[in-house]
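What follows is subunit A paired twice: with subunit B in the first complex and subunit C in the second.
Right after this comes the complex of A and B.
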C-alpha cells in the first residue's frame, strides 16, 4: 500500500513536470528553427534533427526598417510601467491597508469593510467597462499613448490587489504588536515602519508578486491606450503575427516575456523555502 | 505623586467595560486586579497605558493630567497575556528596543539589558530568535523588556495565563524575587489575573473587578477573609466558594434535611434564611457525614475536585489526594461549620469566620 502510494505520487509528479516543462522545451527548440525546419517535418533535437539558427532571436532586436520588429524598447517600456506601477501600488496600498486594518472609519453608512470592498470591487467588474472612461480620461489630460498614462492606469488596476492582500495580512498581525511598540516609546509612524513593516515582509512579497504578474501580463489596456509612441511588450508580441506565422520569433519572444516572471517566482520560492512566509507571527 | 484615577467609565457598546472605576496607586506599591475573563481588567490596564481613552473620568500621574500624554511619552511598560515580542528582532534587540527609543547610550543599554536578562534567567539567550524560544521563555523576554525599561508604571496583564501548569507555578514563584530585584524603587506594579492564588501569593493591594465595576479593594488577606459579598467570594476563590441556601433556627443550620450545629461565631444570627458560604477545602469526606451524590470527579495535580449534589444543593469539595470515584456514587461528607460565611439574601456579607459583623 505504502509503495503503491509512493509510486502513484511520483508518477503524478513526473507527469506534472512533463506537462509544465514540455511547452518550454518546445518553445526553446522552436525559437532556434527557421521556416524550413518548422514546416517540413516534426523535429526536436538541434544539430541532429535540424540546423539551429539565431534568426528568430535576431528579428526581435532588428529595427523594422531592416525587416525586424524590435521588441527591445517595448520590453523596457513594459518593465518600467510594471515596476513603477507595482511599487507605487504597494506603497499606497500598504498604507491604506494598514489604516483599514487598524483604525475604525465611519462616514454615514460606510465602514471599514465597505471601503475595503470598494477597492476590491474595482477588480470585480470586467475590464472592458473601464476602457472607455480610461480612454476619455487619459485623452482629456493628454496622457494617451504615454508611459505616465499607462502607469496611472496600472496603479488603478494593481492597488486593489495590494490593498486586498495587505488588509488580510495586517488583520492577522496581532494589534498588541503595535500597542507594544507604542508603549515602548514609538509614535504611530515609528510603530508602523520600525515594527509592523519589518514583520510584514512576507505579505509585501506576495502582494508585490501579484502586482508584477498582473501588470506584466496585461494586454487589454496596453492595447487600447497606446498607439505608436509607446508600445508595451504583450501588444508587440501579438503584432508579430502576420500572414505567415513566425513560430521561431514568437517562441523567442514568449520566452523572454516569461523570463521576468520566472525570476520573480524564484525569488519568492527562496523566501518560501526559508520559511519566512509563515510562522513569523504566531 | 501617585497614580490617581477618578470615575473612569468606558462603554464602547451595550456593556460597561469600565464602570466608575476610581483608585489611588502609590509609588512602589504592588496592586493586583482580580476579576474573571471580560471583567474589564485588560481595559483598565490599557486605559492606564493610554491605549484606550475612557468615555469619562481622568487619570492623574505625578499631579499631571495623564489623559493629555500620548502612550509613547507615558513611560509605562506592559506585558500581555499573549507572548508579544518583536519577531523580527533577536532577544537582545527586543529588550534594548525601548531603550534605543529613549536614546540611551550604548553602554547604558547593554548594562540594562544584561541586568534584565539576569533577573529573568535568560543569560546566554541574547542572540536567539524569538521564534526559537518556548512560550515560557518568550514571556520572560517580554518581562525582561518591560523591566529593562525601568518604567514608572509596570502593567502585567495575566502574564501567566497562556503558560502550561508547571511553568506557571515556576514563574509565579520567580515573580516574587523578580519584583523585588528587578524593579526600580518607585515603580507602581499593576498585575491583573483571574487566579485568586496568584493574588494571595503576590500579597499586594487587591482590586476586585466585575463587569467593569470595582467590587472591593483592600489587602489580599482582607479580600480572602472578608469578601464583602457573594460575587467577591466567588471570584476570589478557586474553586468558587460554595453557596448553600439554608435556614437558621435556634442553635442549628438546616438545608436539604441536614442539620448542622450552629458554630460559635454565628451565635448572634437572627432566625431566617441565609446564603451560607463555605470553601471547598472545608468540606471533608467522613463516614459520620451526610450523604451526597457525585456528579463529577476531577483530578487536578495532587487534588481531587468532587462536584456533589443533594436535592437542589450543589457543592464542590476539594479532597487533598488523588482518589477515584464513580459518577453517581454516594459519598458522605462533613462541613467544617467553624468556617461558615453568612451572606444575606441580597448577597451582602453578614458574618465571616474571621470577623463578626452585626447582623
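Right after this comes the complex of A and C.
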C-alpha cells in the first residue's frame, strides 16, 4: 500500500513536472528554428532533427542593416517601470499598512478596515473601467506615452497589493514588539525601521514579489496608455506577430520575458527553503 | 531608581462615550524607591492598564504621574527611562541574543565597554551566557522570555522595572530561581520592581507590598500578612488564600458578637454602630480549628469531606446550608460525622456591604 502510494505520488510529480516544463522546452527548441524547421515536418532535437539558427534571437535586437524589431529598449522600459513602481509601492504601501495596523482611524463611519478595503477595492474593478479615467488623467498632465506616466499608473495598480499583504503581515507582528522598542528607548520612527521592519522582511519580500509579477505582466495599461514614444515588453512581444506567425522570435521573446520572473522565483525559493519566510503568508 | 507617584489617576478606553466605562477608577498611590510591589488581581481588572500608564504606552484619561516629584504625565515612553517585560516573550527576531540584550543600551548611546559589561552581567544572572552569539529566534520560548527579562534588567538606572506576568511561560523550577534572582537584583541595585500577576503565591513570595485590584478598583494595599489575616473586602478574602476565606451571612447579636443560625460567635470588633443588613463574617480556614477544650465560639458541624493534602487535611463541613472549610493538622484523627469547630474571636472579620469593619 505504501509502495503504491509512493509510486502514485512520484508519477504525479513527474507528470506535473512534464506539464510545467514542456512549454519551456518547446519554446527553447522553437526559438532556435527557422521558417523551414517550423513549418515542414515535426522536429524536436537540434542538429539531429533540424539545423539550429540564431535568427529568432537576432531579430529581437534592432540592427540598421537588417531591420529587426528591437525588444531591448521595451525590455529596459519594462524593467524600469516595474522596478520603480514596485519600489515606490512597497515603500508607500508599507508605511500605509503600518499606520493601518497600529493606529486607529475614524472619519465618520470610516474605520481602519474600510480604508484597507478601499485600497483593495482598486483591484476589484475591471481594468477597463479605469482605462478612460487614466487616459484622460495622463493626457491632462501631459504624461501620456511616457515612462513616468506608466510608473504613476502602475503605482496605483501595485500599491493595493503591497498594502493588503503588509497590513496582514503587520497585524501578525505583536504590538508588544513596538512597545518594547519604545520602552528600550527608540522613538516611534526608530522603532519602525530598527525593529518592526527587520522583522517584516519576509512580508516585504512576498509583497515585492507580487508587485514585480503584476507589474511585469501587465499588458492592458501598457497597451492603452502608450503609442510610439514608449513601449513596454508585453506590448512589443504581441506586436511581433504578423500575418506569418514568427514562432521562432515569439519563442525567444517569451523566454527572455519570463526570465526575470524565474530569477525572482529562484531567489525567493532559496529564501523560503531556509525557513526565513515561514509564516509570512498563511 | 525613583519614587513613583500616581496621583488621582483614572483611565477609560472610550472617553467619548456618554457613559464611559472605566478600566481604572480614580486612585492615588506611591511606589517607594527600591521596593518590590506585586499587583494582584483577576484577568481584566486593570493591572496591565496601570503598568502601561506608568510606562507611558497609555496616557491616563485623568491624573498625574510623578517620577521623583517630576511630572512625566505627558512624557513619551522612550523618554521615561522605564523598562517593561511583557507576558509573552518579545524578542528582536533578526538580532543575536547579545544584540537583543544590548539594544536598550545602544538606543541610549551607552559606551561600548559599559554595554559589554552590562550584557555579560545580566546574561550570567539569567544563564544566557552560552547563547550570546546565537540568533535570538532559535531559542526556546522560555529562553526567549529570559531575553525579554534581560532587556528589562540591563539598564541599572531605570526608574522602575515593570513586569507583566513575566514568568508565565517559564517552567516552575526556573521560575523559582528567577524570582529569587529578581529579589537579589532588587536588593543589590535598589531597583523598584513592579510585578503583575494573578498568582497569589508568586505575589506573596516576591513582594514587600501587594496591591490587590478588582474591576478597575484598588481594593487593598498591604503586606502579605495583612492581606491574609485582615482582608479589607470580601473580594480580597475570597481571592487570596487557598481555599478562599469562609464567609457567612450573619445576624448582629450584641456589641461584639454575632449569630450564625443560632450559634453565637464573639468577635473582637465593635459592632455597636452597625445595622442589620448585609453583614458577613469571614474567617480563614487556617484559623478554624477542631475544638479541644474551648467553651466559647464553638460551631457544631457535619463533616462532608476530608481531603488529605499531605501536609494538611482539608475538612469540608456543613452547618445547615452553610459550608465551612477548615485546614487542620494531618495528625488529627476525626472519628465522628459530627465535630465542633472553634472560631478564635481575634481571627473573625466582620464585613458590612463587603467591607471590613
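FYI, the second predicted complex is superposed on the first by the 275 of 282 C-alpha atoms of A that agree within 3 Å, B and C clash if a C-alpha of one lies under 4 Å from a C-alpha of the other, contacts with A are read in each partner's own complex, and residues count from 1 in each chain.
Basically, a contact is a pair of C-beta atoms (placed from the backbone, for glycine too) under 8 Å apart; a residue touches a chain by one contact, two chains touch by 3 or more.
None of these values were measured; they are calculated from a predicted model.
Chemist: State whether subunit B and subunit C clash or fit side by side on subunit A once the two structures are superposed.
Modeler: clash
Chemist: Between subunit B and subunit C, point out the one touching more subunit A residues.
Modeler: Touching more residues of subunit A than the other partner does is B.
Chemist: Now for A:183: first (subunit B), second (subunit C), both, or neither, which partner does it touch?
Modeler: both
Chemist: Let me test your reading of the model: by the given contact rule, A:240 touches which partner, first (subunit B), second (subunit C), both or neither?
Modeler: After superposing on A, A:240 lies clear of both subunit B and subunit C.
Chemist: Across the two complexes, find the residues of subunit A that touch subunit B and also touch subunit C.
Modeler: In subunit A, residues 174, 176-177, 179-180, 182-187, 190, 195, 198-199 are touched by subunit B and also by subunit C.
Chemist: Once bound in the complex, which stretches of subunit A touch subunit C?
Modeler: Subunit A residues touching subunit C: 174, 176-177, 179-180, 182-187, 190, 195, 198-199, 201.
Chemist: Inside the complex, what are the residues of subunit C that reach subunit A?
Modeler: Listed in rising order, the residues are 55-57, 76-78, 82-84, 86, 88, 90, 92-95, 103-104, 107-108, 148, 151.
Chemist: Across the complex, what residues on subunit B touch subunit A?
Modeler: 46, 49-51, 70-74, 76-78, 80, 82, 84, 86-88, 97-98, 101-102, 131, 145, 149
Chemist: In their shared complex, at which residues does subunit A touch subunit B?
Modeler: Residue positions touching the partner: 174, 176-177, 179-187, 190, 195, 198-199, 279-282.
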